[in-house]
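There are structures below to look over.
Across the two complexes that follow, subunit A remains constant while its partner is subunit B and subsequently subunit C.
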Partner chain A sequence: MGLNEFIFLLVGLKWTVFLSAIGFACGGITGLGVALARTSGIPVLERVTAGYIALFQGTPLLMQLFVVYYGLALMGLRLDAWVAVAIGFTLHASAYLGEIWRGAIEAVPRGQTEAAKALSLKYVSRMKDVILPQALRISLPATIGFLVQLIKGTSLAAIVGFTELARAGSIVSNQIFEPLTVFGIVGALYFAMCWPLSLYGAHLESRFAAATR
Partner chain B sequence: MTSLEHASPATETPMIVMEHVDKWYGEFKALTDINLAVRAGEKIVLCGPSGSGKSTLIRCINHLEIYQKGAIRVEGITLGSDPGTIDAVRREVGMVFQNFNLFPHLTVLENCTLAPMRSLRMSKAKAEATARRLLDRVKILEQAEKYPAQLSGGQQQRVAIARALCMGPKVMLFDEPTSALDPEMVKEVLDTMVALAEEGMTMICVTHEMGFARQVADRVIFMASGEIVEEAPPEVFFSNPSHERTKKFLGEILHRH
Partner chain C sequence: MNYTLDFTPVINGLPSLLAACLGTLGLAVGGMVLAIIIGIGGVILRDSPIRPVRWLVKAFVELIRNTPFLVQIFFIYFALPLAGLRLDPTPTAIIALGINGGAYAIEIIRGGVQSISKGQVEAGLALGLHKSQVFRLIVLKPALRAIYPSLTSQFILLTLTTSVASAIAAYELTSVAQRIESDSFRSFEVYGAVTLFYLVMSWLLMSIFGLIQSRYFSYPVK
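And now, the complex of A and B:
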């Protein structure tokens, strides 16, 4: 495998990182909204977001990407492949992160909210200053776990013709007929992204376990 | 007996008034026809068996619990008539919990400055000055930069008291502030409360510390099954209670000590 092929893989890697980052960032912002709506105590909001979460957790990511990609096209919205895929990942991530963070928000002891209320802190400050910092800490291992899943999940974007790392791999492999080498390298690149994150997640988990013991 | 008969001279509006307050948790009636008037500077000790509704009663005063019937007024503000009143009342009423409920991710100082900065829009410098003064008053200033988990229970509870005082409340509510503490730490918290009482703070304390009740209470109120059964000055309450249930309760509680 030559330098050109390797550079081609790195370009794919760049898109994988980019897609993961977009999905995580936009999904994180939307997911925060979902988590807050889910714990708002307002029945309509809670039910709508519960349905949203159920829908995206109950269907395959691949299908979600198809629906966004072809669905938007059918509606006359011709988007770049990467935009459609980014939207798909954002929706997917927002549902999962929303659910993870809902759980974390609810895991913060009720006394914290009560103390904040008794100090006449209003909702925004109660969340921003008291509940979310604690919830974030609780959710960090699960959040990192999801990020790892998301990075690997970006390979599904290949199905709608988006050239990220996995698809770059199969293109190169088809050109030079060295599937073992090529996919070995592709695998190593995924591993290099995901393994440190997993380690970090496990490290945080054990640290929190020790802290709450 | 209605609350108004207990109120001091007619010219003085009570700090807290509860009139015919009923509260249900779903089907369960937790408070029945609660009438209570607390004058400025008065110290009330609330006692009664577990589940009698003591916590529920004081939590209605700062609207941590909603009630279904009757009215509650704090400093002339009627709770719940519009959302702003809840906020207004909470700014006047400090609360100390059994489990301290300090914010674990903030230092002692930050615990004390958060609410004044957010709710009263106090500048950071002023909030910190106030916090340091009050931490000093509860004798824990040297721990200002520590996190709650690094403190003993007694120290945490004193921080919780200082945190509430930083809002400059007119009334302090205490919900069994010493019952989660190891015995050797009870005194430091009670001493803090006695000092606060001596400075003239209006206080409602749910506690079974009868020594404290004797020392500072103007009135002791005994609750059972969601009702106020008896209220009397401590001398009368302890030596000559009029209700059978009060006698039984006192018998049990004094035996334990």
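And now, the complex of A and C:
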């Protein structure tokens, strides 16, 4: 494998990072909305978001990407491939992060909400200043775990036809007929992104476990 | 938007789609059996007195858990023939799913084994239980109870992951859907319907597992 092929892989890597970042950032914002709606105490909102989460957790990411990709086209939206795929990852991430953060919000002791109410804090301030900072801390290991899932998940954009790292690997592999070398390097690049995150997540988890013991 | 949804390709393809659901479940079951075998073996080797063996198991777990399944299945697809194993895409997919699930199973089973404290076993023996009773009632059942939820949700995850096996054209729901889609160009309808199929499958699995859990693996009330 020559330098040109490797650079081609790195361009794919750039798109993988980009897709992961967009999916995580946009999914994080909508996911927060999902988590808040899921814990709002309003039955309709809770049921709708519960269904939304169940839908995304019960179907393969690949199918979600296909449906969003072709669904957007049906709605007459002429989008670039990366925009369509990014919307797919955003929806996927919002459901998973919504569920992780719902759990974290519910894990904050009830007394915190009661104390905040007793101090006559309104909903926004109660959430923003009291509950969410604590929930964020609790959810951090799981959130990082999901980020790793998301980075790995962006490889499925390759099947939809978007040239990120995995598809760049397929293309190079078809050109130079060294599939093991190419996919070995592609795997190593993913590993280099995901492993430090996994280690950091595990480190946080053990630190929290020690703190609550 | 002047597009009318047309589900005829889905309806015409219903028999092959339903058969492909069985293919998907077959991949998932085959992959899970292999994953549990790898999981048990891995947990035993992880406590091996030989350091390189322990190290290899840990490296395997980290490697598999931090790379995408798509890359793994491609790698295995090309690596097996070089190792002298010429298999069809479907058995190859089962092997890939088993290896992927195995890395997660090692972590899950290890957690279950660690959840049994030595004192429990000693207490059981002190109460005059027979060794086999201690193993069955005090070691095996609580360990299974501890790992059952994670193991079953791992199985559902594996079922959803089988869709990626379409990349090497293994026989399962997504690849059959892709064939119908490329014949009919009704992409949204086909994939929308197939998404529903997956949803029904994971719901069914979830309720079956839930039923088994409440029947056999629920915690004693008292």
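As a convention for this text, the second predicted complex is superposed on the first by the 213 of 213 C-alpha atoms of A that agree within 3 Å, B and C clash if a C-alpha of one lies under 4 Å from a C-alpha of the other, contacts with A are read in each partner's own complex, and residues count from 1 in each chain.
The rule is short, and it goes like this: a contact is a pair of C-beta atoms (placed from the backbone, for glycine too) under 8 Å apart; a residue touches a chain by one contact, two chains touch by 3 or more.
Computed from a predicted structure; not experimentally measured.
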After lining both complexes up on subunit A, report clash or fit for subunit B versus subunit C. fit
Can A:121 be said to touch subunit B (first), subunit C (second), both, or neither? first
Partner chain in contact with A:200 - subunit B first, subunit C second, else both or neither: neither
Using the touch definition from the top, say if A:130 reaches subunit B (first), subunit C (second), both or neither. first
Which of subunit B and subunit C A:111 touches, first, second, both or neither: first
First (subunit B), second (subunit C), both or neither: which does A:187 touch? second
Touched partner set for A:63, first subunit B, second subunit C, both or neither: second
As a test of reading the superposition: which chain, subunit B or subunit C, is in touch with more residues of subunit A? C
Counting only touches as set out at the top, which of subunit B and subunit C does A:82 meet: first, second, both, neither? neither
In whole Å, subunit B and subunit C in the superposition are separated at their closest C-alpha atoms by 23
After overlaying the two complexes on chain A, where does the subunit B footprint on subunit A coincide with the subunit C footprint? none
The answer for subunit A against subunit C in the complex is residues 55, 57-64, 66-67, 70-71, 73-76, 148, 152-156, 158-159, 166, 169-170, 173, 179-180, 183-184, 186-187, 190-191, 194-195, 198
Seen from subunit B, its contact residues with subunit A in the complex are 62-64, 87, 90-91, 93-95, 97, 99, 101-105, 114-115, 118-119, 160, 163-164, 167
Quick check: in the complex, which residue numbers of subunit A touch subunit B? 109, 111-112, 114-122, 125, 129-130, 133-134, 137
Please give the residue numbers of subunit C that touch subunit A in the complex, ascending. 1, 3, 62-63, 65-72, 74-75, 78-79, 82, 156, 160-164, 166-167, 174, 187-188, 191-192, 194-195, 198-199, 202-203, 206
